[in-house]
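Chain IDs A, B, C and D follow the sequence of writing; residue 1 opens each chain.
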Amino acid sequence: MTPSVAVFGAAGYTGALAARLVHRHPGLALAAVTARADAGTRLDDLYPHHRVPLTLEALELDCQADGLDAAIVAYPHGAAAELVAELRARGVGKVVDLSADFRLRDPAVYEQWYRPHPTPELIDEAVYGLPELYREQIRSAELIANPGCYPTATLLALAPLARAGLIADVVIDAKSGVSGAGRAATDKTHFVTVDENVSAYGVPRHRHTPEIEQELAALGAPVKVTFTPHLLPLDQGELVSCYVTLTDPDTPPAELEQRYQDEYAGEPFIELAQTPPGVRDVRETNICRISVHRDERTGRAIVFAAIDNLWKGAASAAVQNLNLMFGLPEGEGIAA
Amino acid sequence: MTPSVAVFGAAGYTGALAARLVHRHPGLALAAVTARADAGTRLDDLYPHHRVPLTLEALELDCQADGLDAAIVAYPHGAAAELVAELRARGVGKVVDLSADFRLRDPAVYEQWYRPHPTPELIDEAVYGLPELYREQIRSAELIANPGCYPTATLLALAPLARAGLIADVVIDAKSGVSGAGRAATDKTHFVTVDENVSAYGVPRHRHTPEIEQELAALGAPVKVTFTPHLLPLDQGELVSCYVTLTDPDTPPAELEQRYQDEYAGEPFIELAQTPPGVRDVRETNICRISVHRDERTGRAIVFAAIDNLWKGAASAAVQNLNLMFGLPEGEGIAA
Amino acid sequence: MTPSVAVFGAAGYTGALAARLVHRHPGLALAAVTARADAGTRLDDLYPHHRVPLTLEALELDCQADGLDAAIVAYPHGAAAELVAELRARGVGKVVDLSADFRLRDPAVYEQWYRPHPTPELIDEAVYGLPELYREQIRSAELIANPGCYPTATLLALAPLARAGLIADVVIDAKSGVSGAGRAATDKTHFVTVDENVSAYGVPRHRHTPEIEQELAALGAPVKVTFTPHLLPLDQGELVSCYVTLTDPDTPPAELEQRYQDEYAGEPFIELAQTPPGVRDVRETNICRISVHRDERTGRAIVFAAIDNLWKGAASAAVQNLNLMFGLPEGEGIAA
Amino acid sequence: MTPSVAVFGAAGYTGALAARLVHRHPGLALAAVTARADAGTRLDDLYPHHRVPLTLEALELDCQADGLDAAIVAYPHGAAAELVAELRARGVGKVVDLSADFRLRDPAVYEQWYRPHPTPELIDEAVYGLPELYREQIRSAELIANPGCYPTATLLALAPLARAGLIADVVIDAKSGVSGAGRAATDKTHFVTVDENVSAYGVPRHRHTPEIEQELAALGAPVKVTFTPHLLPLDQGELVSCYVTLTDPDTPPAELEQRYQDEYAGEPFIELAQTPPGVRDVRETNICRISVHRDERTGRAIVFAAIDNLWKGAASAAVQNLNLMFGLPEGEGIAA
């Protein structure tokens, strides 16, 4: 029988997109979509282009969790953990959490960047949901911490160098479209603020930093990173420009490229390019497009990775994880 | 002595721009800027690009109106009338109101589109502040109803045809940048809503309609207009496309053009163009750029007019009016 | 066996998209893609986001037409007719022409707006490829004149009123994204020209006018239309705002809406909306989203229709036609 | 008598803007504007928003250089040097060259990044036209090498650190609007290419690199820089994000800020901000807005600088230089 999936918090950008992807997925059934302020509104009134003909419901787990096979939780950081715990307690066997709540393995680090962790006992259960790094663990996981959009692009950009022990230091300059800031209407997301503009934010410390460092360390590169995001006048799309001081500055360019080809051979959603990728190349796809270059003058490696922040950076990655967890073809419902 | 001018409601887009124009004006002195929610904030923190080094104050007319020579009121429709009345009562001799509160001469019409008029006794004092139509009255006015942005562009587009009795019917399709929707952060002004989008709003009746009809009638064209605005993914700029059924469909194109040249000869802020104007042509200027065409197949006249909605559609028009009221050169402080 | 389809002129925006749609189509096989200046380039180098792993070939019909089941011709107006004739002569049984060459049934009208028609003898063979109007004829057609993007949106907006004999007169104000201007890099398509701008073009007579009038007449509304397109700072998307003087100005709004519901009941790619559609609602879909309103003050009907100019306005419409011609499910390969 | 200034190459974006600034300048007279392909066109037809009522002339130095007091040369790199030499030979006493031809002091470096220098004998005459660094030399200069837009922002961002000997290494990630790519209509400047996109270009070596390194060395920081520009979907504006490894990583943030305040005290066109600047803050101004931050986790300094690439990055900087050369107030004609 087709597994049933509910999306909790489907009024936001990532939750709504997750609902659309599940709704159209040939191997999954969208059981319910929930929202707080927008409960009672049809999702296809709120987001006509997603064409999901369901009404957003207020949270009522007695109904929504009953017999549910899987959940995608698209709640704000901090608010997600408790819902995840409740879903697990009610026997929902597969939960993908889009928040940061289960990404950091050390509750002390979480507390430093967010607040005291409400359900630290669940952290160990969670698998970091980046299939290119943790595919096997994801297959058997019951709780997925879906990566942040910036860590997704950054880790995919740097994994081959990290595994090779080549990263001595790295500066990450990230550029994101406005959908990454979420649906809340604020001065910062007002069209007039963003249009014809570009500026950095979260300076000098952005919350995605510890997540990047944790996973780089796990890959073999225990470095402190400089990570600075910028807001761009575009909707969907994220580019990270990574400037890597190599442990061996004489590494030939061909060797760098070869490492990427080896690392990502057979990966269905990684594209290697000769020229720097643009975010348009991956818009509305689950693909991460990467190019690696070596600056002979400075010996640095420069790596670019482009993703769609709402897709590979959140919602389609969640579906990719569900596919793995259910033993479905990894690209079902999200292939271009 | 340089006349002192205060801007009431300077935290919004038009008020802030008015403050900047007054601040840089060689013949006017910016005495104060007020705001509600943003009181206490420096205006150059809120709008760095305006570079007005004043702090927004809460409304305290005992201070702000004392010895004040003129006021620009940039309050929401409905809220402006009472402040205007208070300023007049305190002896402020020149008031320019950017709201709709004194534009409609018939309080019954005002009530139909807004609410009961709070100060109907002041309506007769107000002069409609479109210098190209009412320059002499403006010079001696004490209260100016600054026109709406859409009426400004539309009336300048149609005045020559209206005066000639040539307008039998007119469809006005208007296109505006997002700054016209104001500073309030809402779903409608969120970057992600507007970007890569275009749609009509205020269908089928927009509040600027009666203002347009009132002034067209005063010019000799007592017609009911179809007026439909659209929101565009750009910041500042407004284009009206006017499709006019002529009372004499055989009017030759050259005669149409001649009427515009005659009407606007010597007008410092009207530009006549051979080809359809773009809003970039007038960005950050007090200029209205107009082209007139005749569709030989249908006999219609097609007139386009482009303005910057924040400038000629609001703030620089207010300063143009102040210049006339103070006997200053009409273009001082607002010439390109 | 899966029918083979070649796209001739696949280096332009519509041809490239058509190639992508055919390439991913489960019931069609992309046999070849051709180009002039870009021959030798891989299509996925030129358009990475389409991910079509074929190399653009120079035109060589001995190879490309041999055994070919169908062709999509994405040549410029004027250049397409001769290729279409050649393909028909070589026995290609199904040809969809994206140009204007076979849209106008009267070669004299074609000559007036373009040039003398090179293959007038083929005009009678062509079926106007708007499935919502000519579905049955399309099923058995061998040559399809794929409609222009503006006529597609306009005719879908007006067909219910035209068939009811309700159109006395109509003004069509159209707004298009830049992709509608094609891939040629010119002053007009330069980012700096278009960004933060909007202006009309093709004033007062645009080449899509006779196509609109021909089809409106066929529907029962033999009117001369005023049609004025505008260029907007967005990529894909087209909105037409139609201002209709009704033959019966007292037609109640509910009757107008009912006519649309009746006309489009069961249509897979028509969406009726209560509020004015935005082009984002239909981006990258084959859907036309329509709303109809009545302005009680003037008695006019106002109809908005939004499409994606590259999809429903060109490439996905071509595939919809091929589906009908091959007896495939109408939405295969183009459903959202 | 008002000095006469001609702009050579006024059909491009920077030349046209320079013409406008000179035309409106109260202390300078615009004597002529020249162009190649656009000779014969009125500049206000080509760029209506600049409102310069002159006709572009073909180059005829017998006329244009006769009695000319100053010239702004807005020719492409490589083509400018010979015109500059000719103007100098004809006795034009003040020449500001917007190209790269006289920026690099070492002809061998120039040759490595461009081609053999056509007039190496003139290089020593040239003063690098960044007033914040070379104000006194500019006052008496006869030939100004106007800095590139990226070097302008970068050097202003880094000068206080460079002079203090604090720069051990620096990564410069630059973001530019499309006007920086010039007026040529190409695939790269097509609206559809740039819109909703961002990507790096000139990887791994961009021609502005040696100019930055030369001037950093002159300031006391002889480092090899990593410089990577990105193209953004906006018109005018440029942001550089500089990641500096400090020679003393324990430098306290307050000391960093103090160095900027000391360095730029009294500078009319430098703004120091507490929060990262956006390019909108400086649009259509001669201002460079800078913020400096220290990342305590890595010890790096992060410096942002925003300019308008066409203004402070080219045309208004040229006028600032002319003001200094003519002994005019430095901000005349370019103050906000």
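The definition used in the following text is that contacts are C-beta pairs under 8 Å (C-beta built on N, C-alpha and C of every residue); 3 or more make two chains touch, one makes a residue touch a chain.
All of these numbers come straight from a predicted model, not from anything done at the bench.
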Centroid comparison with subunit A (C-alpha atoms), farthest chain: B
Pair joined by the larger number of C-beta contacts - A-D, C-D: A-D
Whole-Å gap separating subunit A and subunit C, where each centre is the average of the chain's CA atoms: 37
Mean-CA-position distance for subunit D and subunit A (Å): 39
Whole-Å separation of chain centres (CA-atom averages), subunit C against subunit D: 46
Residues of subunit A engaged with two or more neighbouring chains: 193, 195-196, 233-235, 277, 280, 283
Contact set on subunit C toward subunit D in their complex: 13, 178-179, 183, 185-187, 189-196, 233-235
Subunit B - residues contacting subunit D, complex: 24, 48-49, 51, 195-196, 271, 273, 277-278, 280-285, 289, 336
Touching residues (chain side subunit B, partner subunit C) in the complex: 171, 173, 175, 177, 195-201, 203-205, 209, 224-226, 228, 230, 232-237, 239, 241, 243, 275-280, 283, 293-298, 300, 302, 304, 306
